[in-house]
Every structure is written in structure tokens, then in C-alpha cells.
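Going in written order, the chains are labelled A, B, C and D, and every chain counts its residues from 1.
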Amino acid sequence: MSDMMPRRPTAIAAWAVIVFLQVPVLVVVLAAFSTTSYLTIPPQGWTLAWFGKVLSDPAWLSAIRMSLFLAAGSTVVALVLGVAAAYAIAHRMLPGSEMLTALVMAPLVMPSVVIGVAMLQYFSLIGLRGSLVGLLCAHVVITVPYIVRSALASLGGLDASLEEAARVLGATGLEAFRLVTLPLIRPGLVAGALFAFITSLDNVPVTIFLISARQTTLPVLIFSSVEMGVDPSVAAISTLLIVVTGLVLLVAERRTGFHRFI
Amino acid sequence: MRPARHGMALAAPLALFLAAFFVMPVLLTLPTSFREYVPGMGITAGSWTLGNYREILADSYYREVMWRTLGLGAAVTLACVLLGYPLAFMIARGPARWRMPMMMLVIFPMMLNLVVRSFGWIALLANRGLVNNLLMDLGLIAAPLKLMFNLTGLMIGLTHIYLPFMVLMLVAAIQNIPRDVEVAAMTLGSSRLHVFTAITLPLTAPGMLAGSILVFVLTISALVTPRMLGGPTFKVMATLIYDEYMQTLDWPTGSALAFVLSGLAIAIIWASSRLTRRWAGTA
Amino acid sequence: MSSLSFDRLGKSYDSVEVVRQISLTVGEGEFVALLGPSGCGKTTILRMVAGLVQPSTGRILIGDEDVTALPPNKRGLGLVFQSYALFPHLTVFENVAFGLRRQGVAAAELKRRVEDALAMVRLHAHGGRYPRQLSGGQQQRVAMARALAPRPRVLLFDEPLSNLDAQLRDEMQIELKRLQRSLGITTLFVTHDQSEALSMADRVCVLANGVMQQFDTPEEVYHRPATAFVASFIGKPNRLPGTIAGRDGAGGTVRLGPGCTLASAHVTAAVGAVVEVVIRHEAIHIVPEGADGLAGTITLRAFNGARVHYVVRLDEGVELVAETASSGALAALAVGTAVRLAIAPEAVFAMVPA
Amino acid sequence: MLALGLSLPAAARADELVVGSFGGSFADNVKACHVAAFEKATGSTVALKLGSSSQFAASVRASAGASDMDVIFIDNSLAVQIHNEKLNEPLSRAKLNHAGEIIPSAWGVDDSYVVAMVSATALVYNPMLVKTPPTSWLDLMDPQYVGKYAIGDISGTSGLQFLLALNKMKGGTLDNIDPGMEAIKPIAKGSVVLYTQADQLVSLFERGEIAIAVWYPDRAGVAADKGLPVAVAYPKEGSVGILPVVQIPKGTKKIDLAHKFIDVVLSAEGQKCFSERAYIGSVNKGVTLSEKVAKIAPTGETLDKLWFVDPDVLSRQIPGWTRRWQREVAR
């Protein structure tokens, strides 16, 4: 057995960092129960009114629906496009794969405001402005880097002979991928999809230019209400969202055990 | 080895998609950065100038913001490594029963909306925020510390956002170290510290560098947090670009700044991935 | 069962030829070993047979069927990988059932055949385990069972024993050979280990740099190497620098040192050429003092159970390794003993260094 | 999910008007005062697209004469800029029943927009901490407020207008901002924060971090209603007027419907409703504000003393001033 196990100082430092990570979450959750009409900490008086307000406001609810739909949709599309491309790159199946990798990662580098304005101009030109398709495509562009990155990492750690073994045993290329490769890289993909989902769910600078009047996303709605004052309902909605996504996370963990593969 | 046409068929959808929805829009923006902008009148059509780029290089304010942005990126990256390493080490090597809960607690805060998260920090870091009040009540300080609208606030906020990314990448890197190598070093008479600095750390360097590149890139193009915790007195490239686009409507300068920032980021990524390859011994 | 044939099979990567125009036939039920050092092209040949690599030239036939253009899943082969390539996310049972499921074998039949296959490799109690819970030898046998369960027309092995420790390897050699015999399955076995190839195969194909050197029974390959490469690759050779002193038909004499010449039955170079002289350890016989032979002194003795090795320094300064059985008078010679060495001309190969 | 996706078509519905509005309580007020009446009168529906003035300006420019919004609320200087870039449809007074009730100065150049409401930048203070109400912009410099006041960044209207007010007091002109820049430097240095969002001040007042600020009377009025201890003072040097306007971006296919919406905005009922809810001044001559609102919103004498800066000059000068501010004041 190796002696390179964390000792007490490391453990203390690690838990301190964990606490640091939870601090703003706690603050926001506490603020959601405050009776004051603005965000404040510690809360002055306790109420559930803000949760009631949020849950009865169709604008918030439709924004949540839109955000979740967009995040889920773009993650799925990014998974399909990204995993296919990552497969080709990882198996060195095409020339110029380094260029493709660089291209995929580029949206991470470009300031997102610029991507937003650029896409607005472009979508106006090709008639996709204000459409859900356009918005979805934009979100795929900003989420796909995370998928490709994690897919490349997972595929790189895979023994190439596994798929060959499946092929020799009578599986078609697609079957070999579905029955052997996919189950083995799935935890890595779940981790990548998680990043992608969060990125989409949090995006303001690109989305704000591309949404139409009838559809808005949660972060954009929060961002636009900042200008006119923020009351604890944004804390309430964030609390709800954290609880929901936290549960999804736990279920995903239960089903795939993805934490072991990140 | 499968034929290249299969590879093409697999990669083409993404390549075409990005060409259509990323490259094209960005390329259409490129000419804007060579246009002339007349305040109040808009972008002069048909004019071509290098002036926007020249101004960025010549103006000491732009240079200051550029250096500040890069410095901030480096500082946040360093903070993420320093804070993230012990945690990642604990997750990778600590008691198995802590693994899952710790991992979940690392991922969990990522779910908090960025705007709302910034409000959380404001409530904590303001002059009369929780932190200052606590410190003053304890009698540790007489006057509130300035924790916002400066490097401190932005460091705290951005480190909080990108620390989980770094931790997750470091965990993977630490797990990939063959334990035999460390044991070998120990049998050769190395102390724990020496094993760590001579074996563990170098072997995780590629993963650490990959995580660092990601954090650095995300930091220098972050917008929401710098706007809310940096404010007008602590501008970075992204907020400056946002201002040029959204306040002064000077898109030519804004897009020129954007391309400069992107160029810098690409150059840094390129340089550090060369460095990674050298460390990994594949160059 | 079917035979397996190559017809001028070749493969190039970026104009580098790694396999050159190989033609041979593995008969029905025959066990053929592809033997050669790493990089000789043997694995490429195997992968071409399996359909994992597309040949640049030539054809591959299984029985009378040309399978050159078929994808791997249509070839009806079994392949045991060097790494075993067991599916880590599937149980042993599911690993073995994988190929049967691809064939659409019905549930009851499938269960029976998987169990048969596992029984064949003596792992019937391990069906519910995952590969990581098995030892290396067990994993190896699962890989065998998985390859055999779908009843392949031809069985391919890619260095399947190289990851096992020495004793286990010897056991597995015998087990594998017995299994192949009892099933009578056409087998192509890739290895770099000559003893593995010689002891298991009906015929051995020796490869070097993508070129077939010799394709014959183990006895022929060992005793009558067709090329200098085979001579130096098979067995444990002494390699000494020398020059050609004279020619006589296919043979001649080589000079090892100032006063030391040897008759050789295998000389291709011209007189005066610098050559490498290859003589196997076991071809050098220690003969009693006074008999005809090269004079020398024992400088080292090594006992390894079945055999005894002597390092003999000839009076001319050249050192040779000789080998004898480990019992009898010749087995107990002390260091410093003066001896004579007899070497048959047939055992001396003079090769122009590559 | 899929159903939701399909129910969001790319093209706007024929009878639906898309209005660009500021978010938060502004949007609530637009819905209550304008949208309801408009929908009742026309049978059409309104979709609000929330954003800021500059977002709308950026969006109108990016969509180059094919805006997806039919009416926008926007600051007058940006409205002028949009007009200069020829990205708007002119208003037709003939289509507006209430055009005659509007104060004449509300109309933009070539009727490119019309002012929808009048607000101002003024001083707001905490009466519990400030015994004597301030009377001058320079009261901010009073030693009693050291470390207890806040002004806005130039990116917000109040910051810009305070700069202009100081500049005027120190003898500067719109072509010479130097005196203002010099005067504001020490004030900005001492400010608790250069706020960029108006509501940042709410928590500062609430926590007692500041006693006085350059802020908006309408925000102060709404905040006071919610229990924030604030009162408004208009400096004797005169406040600077803020004019949110309504404008029709180029490319709308519903020009008549857009006019009908603007007509509702300009109507006495619409104006009165909005003013009462938002503590904001009206442009309709027929509106009389309640006393509670009149005390806070610019009316009567304070309205007369308001300084309305030429938006055309503003739109040309703001980028330059912003640059100088970034480099000299906020650095």
C-alpha cells in the first residue's frame, strides 16, 4: 500500500475549500426566506412568500421551462455531434484533426458578447433570428467544447482492441460502438454533459441577443431584472433550481456512478 | 485503421455545424473591426482602417486593462490550483466513503446561477456585508475592508466559479498516476514531501496544465461576474468589450478588442499545449 | 472447418511495405504459427485476416470464399487478443455470449453454448464474475472461450500468452494445443517466442521485415533453416565476426581469428568478405582432449536444470557458448578445464551482416 | 418539452405586437398601464421583450432595418442615434389621437420618437441620518458625508447627468467637459461605489452604508413605498431631465398597431397610471399627479428648472466622455 495518502492537514484544507464552495449557495438559500423586499443577509424575518410568488408567476415558470428545454436540447445535440467527431479524432480517422479540435474549442475563447452580437447579425441575415432553432444552435456552439473535451479524454483511455474484439465477434461498427464503447465512455460523457448543461443554463451574453419577445430564459430574465431591482424571488427561484438540479445530479450519480470517472 | 471517409462522415456534421454557426458569424464580424466609427452616427460604411487596432496598442488604458485581464487570469488559475489540489488529492486518495459526497459538494455550487451567485457574494463582501460585519463585531478590524470592486472581490468570485472545473480535472490527473511509481520512489529513500514534489506533482502536471488552460480561458472571457463584482473601477477586457458594444455602441473598437483578446487566448493556449507536450515527453 | 489462404498478401503504409507478397495456406484443422521479431509484420497479417486492416495487395481466402473485402463481423473468425480485450462492463458469461448474441442464437441454446465454452476452459463457476475479478490466466481462458463459443471457421491468436508468467505460459501452451487438437480448428497463431511456435504449431512461418523466410514444420525450420535469418533467429546462437577464407560449392571456410578457421556448409559471400558467423549453442559439442576440434579453456559454467552451458575461450581468443545435457561426464567439467570443441559444417552459417 | 418547442414559432403572430421594454417593475407598470388598455382596445396581444436601452439599440442595429420589435422604450440619446443611423420609422401624428395633448418639446427630430415620461437625476438622502435636506449638488462634498455617499458610473444615466451638472456649474459646456471631469474626480474617489445598476443603492441605503446619493426620484419613491428610509431633494442648480422615449424601429410590419400602442402610452389614462405607479413625470398636459407623487416626480417648478440636454449632442459626445471617464475618473 502506498504511503501517499492524504494526512490531516490536507483533509482540513480540502474541507475548508468545500465549505468555501458552499458559502454563496447558503447565502442565496437563506436570502430566499427573507421578508424584506430586497436581497439581504442575514434575512430579516422568515417567509415562504417569495416561493409562492415565483411559483405562481407564469413568466418565471415559462422562463424555467425554456431554460431547461434549451439546456437539455443543446446538450443532446452537442452530445450527438460532439461524440461522433471526438470518435473520429480519437481514432485518428481523419487528416487535420488538430484543426478540428482547435475549431471546437474556439467558442470558449471568444468573448461571449461578441459571439452573441455576431450571431444576431448572422441570424438576421439568414432568417433564423428569434427562432428557437437559432437559439438552440447557438447553445450547441457554446456547449459542444465541453462534450468534445470529455469524450476525447474518455475515448483516449479506452483499449482500442475492445471494439475490434466486438467487431470480430460479429458486431457491426455501430453495434460495437453501442454495446462496448458507449457503455464504457458513458460516465465521462455524463460529466461532459453536466458541464454543457450548466453552461447553457447559465448563459446570458449570447442568449440575450437571440431570444424572441415571447421566449426568455431564466438567466436572461434574472439579468434583465437586475437593472430594475432584485427582490428575494430570484433567490427563491435559484433555490428551487438548485434543489431540482441537485436531485437530478444525485439520480445521475446513482444511475451511472459518474463521479468515479470525471 | 479505418478508412478516412468514415472519419469524415463522423466529423463532418460537427465541422459543418461549427462552420455555419460559429465561423461564419465571427468572420462576418471581422470586417467590422476595420471600420471607422463616428459617435452618434454609427459605423461608416465603406471605410477601411487599421485605426482601431492601432489605438488598442497605443492607448495605455487599453494596455492596462489587457495586462490586468491576463494577470487576473493567471491569479485565478493559480488560486484554483492551490485550493483545488488538496481537495482533488483528498477526493482521489482519501477514504472511499468521502469520495462521492465530496464530489457532489464540488459540483453542487456550479448549479447556482451566476448572476444570483454574484448577489450572494455582494451580500457577503460589501462594506456592511456579512464578512466585514463579522470581522468588526469580533473587533479584528476597525473599518470595513474593501473586498469588492477590486482585485480581491473578483478573485474570490471567479475562483469560486472555476474551482470546481479545476478540481474535477485534477482528480482525473491524480487518479491516473500509477501508484507503483510512488512506492518505488519511497523504497529509494524519498520522504513523503520529496515523493510528492518529485513524482506526484510532475506526473499530474499535464492534467494540471489542461485544467489551468481551461480556467485561464474562461476567466479572461468571463463577463457577468466581473461586471457585478469588479464594477466600473475594475474593468477587464470582457467588460470593456461589453461596454464598447453596449454603452458606446462603438462596435468597431469592440470587435477589434475582441479579436485581440481571442488572439491572446489562442496564443497562450498554443504555447501552453506545446509546453504540455514537452513535459509529457511527446514533443 | 475451413482452410485459410493468403494470395500475394501485402500491406504498405505511406509507401513503406510492412508485409510483402505473402502466399501460404493453412490447411483445415492445421495449427500454423507466424513467428518473427517485433515489427516483422506478423500482427499486421493477423489483423488483415481478421478484417481490422485492409490489405494493399493480394487476397485472403477462407475455404474457397474470398473474404478480402468483408468487414470483420462477416468473416466468422475467432480472435484472442494479446490484451485479451475482455469487455470490462460485462460479466464473464456476457463476454462469452457476445458473439452468440450477434448471431441471434436463441436463449436456451445460448446458455448451453456459453456454459459449454466456459466448461471447456474450466471456468464454468465463474460466469457471474467481471473480468477484473479474475487472474491473468483466467482472463486468458475467458478470451479463449469467447473466441470459440460462436464456432469460428478459423481461430486467430495474437501473442495470447505473452502476458502470463513463465510457468503458467507453459501450462497454457499445452492446454491450448490440446483444445485446438480436440476441436480440430484451423488456427493461426502469432508469436515472437520461438519455443512457443515450435512446440505448438504443425507448421511455422518465419517472417522478417514483412518477407516470408520459411514455411515448414518445426523440425525443418530448426534443423534446416532456409535463410540466414532463420538460422540466427531460431535457437540460441553464438554470433561472431569473421571473414570468408575459401569457397567450395555452397560451403567454404570462415576465419574467426588469426589461427582459427571453421568449415561451413552455408556460405554465400565471396572470399574476403566480412561476415557474421552464427553457430547454435547446442551445435557445439565438447569432445575429449586429443580428439579433433578447436582447442580452448572453460571460463564459465552455468547449470539450468536440463542443460549445462559452458563458456569456452578458444586459444585464439574467441569465446563460444557450448551446451550439453546436465548429466554425464561432460556435465561436470570445472572452470579452467582444457577442452576441444567439434562443430559440424552444417551448423555453421556465414552471413553477410544486414 | 417538444410541444413547448413547437409552440414557439420563428415568425411573430399576425396580431401580436412586440414591445421592447425595460425589465423589472418598469415592465410590470407597462403591462398594467399600457398593455392591458391596448389589448382591450384593439383585441391584439402584446409580447414584451425585456432589455436595456443599449441592448435595444444594439439589437436594432444588428438586425439592420428588420427589427423583430415593433415599438421600443429607449433613452432619448440612443433614439437619436438610431435615427441618425436611419434605423427607425418616423411617427405619424395623424395616427395618434392624443398627439395634441402632448407637450411640444416631447417630439424628437423629424418626429423620430416621442418622450413617454419625464424623470430626473436628483439627490436622494436618508432623512434619519441627514437632518437638513441637501440643496445643492456640492452638498455631497460636505465633510459629514465623507465615506457615506454614492454616485453612479457614467454608464448609467445618473452618472453622466451628474457629470454634466457639475460641468455646467464649473463653467464648462457640452463641448468642453474638462471642468466637470476635474470636479468629479475627487467626488468619484470618495464615493462608496460607482454604481452601475440603480438598485445597487437600495441595499446601501438599507444597511446605512450611505446617507446620500445622486439617484433617481422615481426609484426613491418606489423604494420608499417598500419601507426604505429615503427622501428626494432637487438641487437648486437645477436637475437634469431624463427622457425615456418610445420609438418604432425600422422594418416593423405593424406600423398602425404600433401607433395605437404609442397612443395608449401617450393617453392621459396611460400617463397618469404609469406616473402614479412609478413616481414619474408625465408628458400629457391633461394629467394632474397626486400629491404624493408630485412631491417626488419632477413637476411644476422642478420641472421648469430641469435641464434637458440636447440628445443629438449627447449621442455624439457620450463615447468620448465615457472613454475619458474610464481613464481619468474610474481608473
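Note that in this section a contact is a pair of C-beta atoms (placed from the backbone, for glycine too) under 8 Å apart; a residue touches a chain by one contact, two chains touch by 3 or more.
Please read these numbers as outputs of a predicted model, since none were measured by experiment.
Peer 1: May I ask which two chains are joined by the most contacting C-beta pairs?
Peer 2: A-B
Peer 1: Greatest Cα-centroid separation from subunit C: which chain?
Peer 2: D
Peer 1: Round to the nearest whole Å and give the separation of the Cα centres of subunit B and subunit D.
Peer 2: 35
Peer 1: Determine the centre-to-centre distance between subunit A and subunit B, using the mean Cα coordinates as centres, and give it in whole Å.
Peer 2: Inter-chain centre distance comes to 16 Å.
Peer 1: Using the average of all C-alpha atoms in each chain as its centre, how far is it in Å between subunit B and subunit C?
Peer 2: Roughly 55 Å, centre to centre.
Peer 1: Distance between subunit C and subunit D based on Cα centroids, please, to the nearest Å.
Peer 2: Taking the average C-alpha coordinate of subunit C and of subunit D, the gap between them is 88 Å.
Peer 1: Using the touch definition from the top, which residues of subunit B touch two or more other chains?
Peer 2: Where subunit B meets two or more other chains at a single residue, that happens at 1, 3, 123, 245-246, 251.
Peer 1: Among the residues of subunit A, which ones contact at least 2 other chains?
Peer 2: In subunit A, residues 39-40, 117, 121, 173, 226, 230 touch at least two other chains, as defined above.
Peer 1: Two or more other chains touching the same residue: where does that happen in subunit C?
Peer 2: As it turns out, subunit C has no residue touching two or more other chains.
Peer 1: Considering only the defined contacts, which subunit B positions touch subunit A in the complex?
Peer 2: Going by the criterion above, the answer is residues 1-4, 6-8, 10-11, 13-15, 17-18, 21-26, 28-29, 83-84, 86-87, 89-91, 93-94, 99-100, 102-117, 119-121, 123-124, 129-130, 160, 163-165, 168, 171-172, 179, 182-183, 186, 192, 195-196, 200, 214, 217-218, 221, 223-224, 237-238, 241-242, 245-246, 251, 254-255, 258, 261-262, 265-266, 269.
Peer 1: Could you pull out which subunit B residues touch subunit D in their complex?
Peer 2: Listed in rising order, the residues are 37, 39-42, 61, 64, 122-123, 126-128, 148-149, 227, 231-233, 235, 243, 245-251.
Peer 1: Residues of subunit D touching subunit A in their complex?
Peer 2: 1, 4-5, 8-10, 12, 16, 18-20, 22-27, 47-52, 55, 58-59, 62-64, 66, 68-69, 197-199, 202-203, 206-207, 219, 226-227
Peer 1: Which residues of subunit D touch subunit B in the complex?
Peer 2: Answer in residue numbers: 52, 54-55, 57-58, 61, 78, 80-81, 84-85, 153-155, 192-194, 196, 203-204, 207-209, 312, 315-320, 322-323, 326-327, 330-331.
Peer 1: How about subunit A: which of its residues touch subunit B in the complex?
Peer 2: On the subunit A side, the touching residues are 2-6, 10-11, 13-14, 17-18, 20-25, 27-28, 31, 39-42, 80-82, 84-85, 87-89, 91-95, 97, 100, 103-115, 117-119, 121-123, 125, 137-138, 140-141, 144, 148-149, 153, 173, 191, 194-195, 198, 201-202, 204-205, 218-219, 222-223, 226, 230, 234-235, 238, 241-242, 245-246, 249-250, 253, 259-260, 262.
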